[in-house]
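Across the two complexes that follow, subunit A remains constant while its partner is subunit B and subsequently subunit C.
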Partner chain A sequence: MRGTFSIQVQLLALLYLFLYAPIAYVIYVSFQKDSVWPFPPDFTLEHYADLLHLRDFHAALVNSLTIGIGTGLLSALLATIAAIGVLRYASRWRGLVAAAYLAPLFIAHLLIGIASLMFNKQLLGLPGNIGSAILANTTYATAFAFLVVLAQLAKHDWRLDEAAMVFGAPPLRAFWSVTLPLIWPSVLGAVIVSFLLAFNNLEVTFYQVGARPTLPTLAWGELRHGVSEELYALASLINAAIFLFLGALYVLLRTGALRLDYRD
Partner chain B sequence: MDVRTRRLLFLAAPGLAFLFVFLFLPLVSVVVYSFWRTASYEMIAEWNVDNYVTLLTEGTYLTFLWRSLVMATVVTAVSVVYAWPVAYLIAKHGGRYKLILVLLTAAPFLTGEILRITALQQILGPIGVINMGLTSFGIAPVEALMYSSTATGIGLSYLWMPFMVLAVYLSLLNFDFELMEVAKVNGARPLRAFIEIAWPLNRAGTAIGCVLVFIPTLGSSVTSQFLGGPNGALYGNILAHQFGATGTWALGSAMGVVLFGLSALLIALVVRVVGDFRRSGLTMSGR
Partner chain C sequence: MTEAVLRLEGVTKRFGTVVAADSVDIEIGREFFSLLGPSGSGKTTMLRIIAGLEVPDLGNVRIEGRDVTRQPPYRRGVGMVFQDFLLFPHKTVAENIVFPLRMQGVPPAGRAEALGWITDLVHLKGLEGRFPHQLSGGQKQRVALARGLVSRPKLLLLDEPLANLDRELRKEMEVEIRRFQLELKIPFVYVTHNQEEALTMSDRMAIMRDGRILQVGGKLDLYHHPDLAFVAGFLGAPNVFEGKVTGLADGLAIIDWQGYPLQARAKGGLAVGQRAVCFVKSEKIELFAGTGQGRVDGVLRDAIFKGQYADYLVHLAGAREVTVSGPPRAELFAPGRPVSLSWSAEDGDAFPAGG
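Showing the complex of A and B:
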């Protein structure tokens, strides 16, 4: 039995290596003069300097942030109220409602992308823009946000809300002053997850934004023209930002500065 | 309609309306357009089934579809085999580090497809670190890693394996590991205990993981575009092509319908075979 255990540990270690080594390597290469065979190391910051001159880089960053924030807020809002409904009201319809919210997880992104493209252009006569990118990304992001909120709120004690209402608080007031202060970390989690998914999305966004650059479409274009060094700088910056952010979040949770489970 | 149902629907209505307008209707429009035709980049509402005839009779489309099906099957199978022991380890022995261990497998997912492919190309490609390393030591480069289906397969596993780990892990959270001990006390060997207890009790969660890996892999295009090389195109590449250079949206729509149909078929099959998803950990009914 010890044997099986150590094999499992090795498999897990190998999985982490498989998942993180490429990311770590890109960050390493982004600081190297020679990106093809960067050994022995020869550090430089010039790829980051080049990145600043990369055409469309700033516009892409702004567009990606806009899509990310718009999707993050909209998805979290839709997902949170639905998750509260599903958890709180034991109607026989709740399985069906949950299934509808989770259905987008089972649709390929490419299909969501082209379907939105054709629907907007043919039926609504709208050319793609950042707004339609937010709407298209919100479809699948809501599913992820719903999962996040559902998992976090499964243990929420709804009697607190009932109590507020028994003492005369109107439902909206009860939500605002009792429910939300308790569940906001879960809502924030949903915002973060859907923000990141939309911020980094290529296959859905690509078909909505037309010629407007986003960071993923910019990276896609760069990748098509062969290996380019500023792309590594770009990838490293985004990866570093995400992991620093997730790391900070984890530290805050561990130290208790931020709490996910209010009953701890 | 009782009061609970009314309240539930009231809270769920905004999202359901949103999904209806921005997901369901667009998907229906794909079905409609698949029966139209395109001429010089314009969609023309002349109802016909020519797009489907083209897909079925011109061998190339079926070839690419078959390739994608094989790719998705292999990637899913590899993911199951790999994710199971890992998820089992985390769920059983993770203790207070369970959550962080499993989230570490999921975190790279949040960095997005294109950045992860950029990173992989730097490792696997013809001038990737593996082959450059081998060449610099005077060893022949590994052809299989350079612009090949193997490279695409590695890339797709890299992208979607976290889903499988998460799905199996969630299922195992609701699994009573004592049962395995009971089996062993009664003389079952580990493999037998796994086949007769752990696997059947977690097959719903595993099935969800399979669907979550299979569907995006079947519809993938970006991974094979950058890792698969000139001969590594998959169905998704040909589909995306209809919306790019060639502008044949109607044919592309028919390809999309086929893709969606296959996904729906798979889900129907899984629901049929598994039947009861209460143990998957994805529903709220638990154990």
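Showing the complex of A and C:
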């Protein structure tokens, strides 16, 4: 064979192409004057300008961030507590308890949205708002967060916590000074995953926020008038933010400013 | 033994059908005390009960006279050295060592002073800023010891702390750990399945099996005067002879083994006509070149030179092989040579067989 690249490298390139080509295309189009047939290229920034002037864009951004951050923190907290409980307290019901945490993964988001709306409104008499959107998103995000936390927590050596207790640390103090510093990467992972899920969620959020805009509901509303150019800009910006965040994390890990693991 | 610092009273603990502790009574003073037993004998459970990591089903734990049976570990004021060290991997050596002091609310100046004192004692100067994964096994061991001792605990519990170290390092640490106990006068409760460690370091020791304490006493006493066949067989490198008791007189038994009348101290209510097992430690047997009257005849199979002493493997009648330890003698480094053995009656211990 005379190929310069091995078959593995070629397969890898193909996989990345499969994953990233659509996203790259959206980013490319967001800078094009003609979004329907953007060839030959004709670069412009006007879609970004339009996006900033779009009615409700700022409110939608703030609402989405609020829902994302609220859900991220709440889900990670609940998932961490749940995972510790499942792992530390031996019980023959352990499998059932874990399965019950994961059940929301199998329920359609649309159903969670409608169900929480009906429950809140008819049984509790509560109006939908950003707070209820956070709670509704937390139901399924906790399941994802639980998986993320459980995977790493299963490797945690709980005898370290016992050691801390023998040396005078009450349970909360032991958690704070020994458990958390060792498991924070998985907790952070759970925050990020549930943040992204809630930030981008449409089906659950839609039924909770009423007339308040979020980025996905705004995009959904805009879609009724056809795919407008601002949506390409919006998608590109969200992607850019996520890539920047992950890139920053990578740099911090490479430079050793952050540590994920302690070899022992 | 001075006043008891730790007292276990009728401590019993079951895990399902397994009895890990069966009404254990122990008193430990300002001494080096070892719990010695095979794996699964319940010695680690005993240590966890003392530390407060397990609550006994029955019985009491008293530390300095106070009943701490239901007290959580963080209120007991004991130190512990764990088998896998269990150093906090995200903390430096210094942070690991002063952790107990921080939990007790000792101000930074006091912690720094204690850190200086303990790193000096355990020879860790200069490593304070390292992380556990940057340390060798022996250094980790020293950090674990320093963390256990830094707050001058009422007791130090050690759970097979040398099990993961290589032989050379183990020898060195045995001497060191003993030195710490003598200098600090803190009671050490040391759990091990390794009799060498227990015999090297302890003042007193207890032999455990199946959750029960079989015999407690000074180490020499236990070694030379076992009360039970298990203890006799567990300590030292004993040779075992099994035969019928043909005579009893003055606390000594005569056991017929392959036609030889062997003598040993009679223990455990031995009766004439009963089958008995007789234990004789390898270093208590005297080896003679050539056969001799009143001695057990055999053939030297091999002599293993260990430096200060030698192990002679002797083939006896009935395909029995025994080990005799003694000073290396040139005339005995001759495999195939006829030899004979004897020991004084007080150096053998005979117990009823099957007990």
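Assume the second predicted complex is superposed on the first by the 228 of 264 C-alpha atoms of A that agree within 3 Å, B and C clash if a C-alpha of one lies under 4 Å from a C-alpha of the other, contacts with A are read in each partner's own complex, and residues count from 1 in each chain.
Convention: contacts are C-beta pairs under 8 Å (C-beta built on N, C-alpha and C of every residue); 3 or more make two chains touch, one makes a residue touch a chain.
This is a predicted model, so every value here is computed, not measured.
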| query | Sharing subunit A, do subunit B and subunit C clash or fit in the superposition? | reply | fit
| task | Would you mind checking which one, subunit B or subunit C, touches more residues on subunit A? | result | B
| query | What is the contact status of A:8 with respect to subunit B (first) and subunit C (second): first, second, both, or neither? | reply | first
| field | Partner chain(s) touched by A:167 [first = subunit B, second = subunit C, both, neither] | value | second
| said: Going by the contact rule set out at the top, does A:159 touch subunit B (first), subunit C (second), both, or neither? | reply: second
| task | Tell me which partner A:108 touches in the superposition: subunit B (first), subunit C (second), both or neither. | result | first
| Where does A:176 make contact in the superposed view: on subunit B (first), on subunit C (second), on both, or on neither? | neither
| request: Rounding in steps of 10 degrees, give the angle subunit B-subunit A-subunit C taken between C-alpha centres. | output: 100
| request: After superposing the two complexes, find the smallest distance in angstrom between C-alpha atoms of subunit B and C-alpha atoms of subunit C. | output: 10
| query | Of all residues in subunit B, which touch subunit A in the complex? | reply | 2, 4-5, 7-12, 14-16, 18-19, 22-23, 25-27, 29-30, 33, 43, 82, 85-86, 88-90, 93, 100-101, 104-105, 107-108, 110-123, 125, 127, 129, 132, 136, 158, 161-162, 165, 190, 211-212, 215-216, 218-222, 226, 236, 239-240, 243, 249, 252-253, 256, 259-260, 263, 267, 282-284
| Sites on subunit A touched by subunit B in the complex | 1, 4-5, 7-9, 11-12, 15-16, 18-23, 25-26, 29, 36-37, 77-79, 81-82, 84-95, 97-98, 100-112, 114-119, 122-123, 135-136, 138-139, 142, 146, 150, 154, 193, 196-197, 199-203, 207, 216, 219-220, 223, 227, 231-232, 235, 238-239, 242-243, 246, 250
| Contact set on subunit A toward subunit C in their complex | 157, 159-160, 162-170, 173, 177-178, 181-182, 259, 262-264
| note | Listed in rising order, the residues of subunit C that touch subunit A in the complex are 51-53, 72-74, 76-80, 82, 84, 86, 88-90, 99-100, 103-104, 131-133, 147, 151
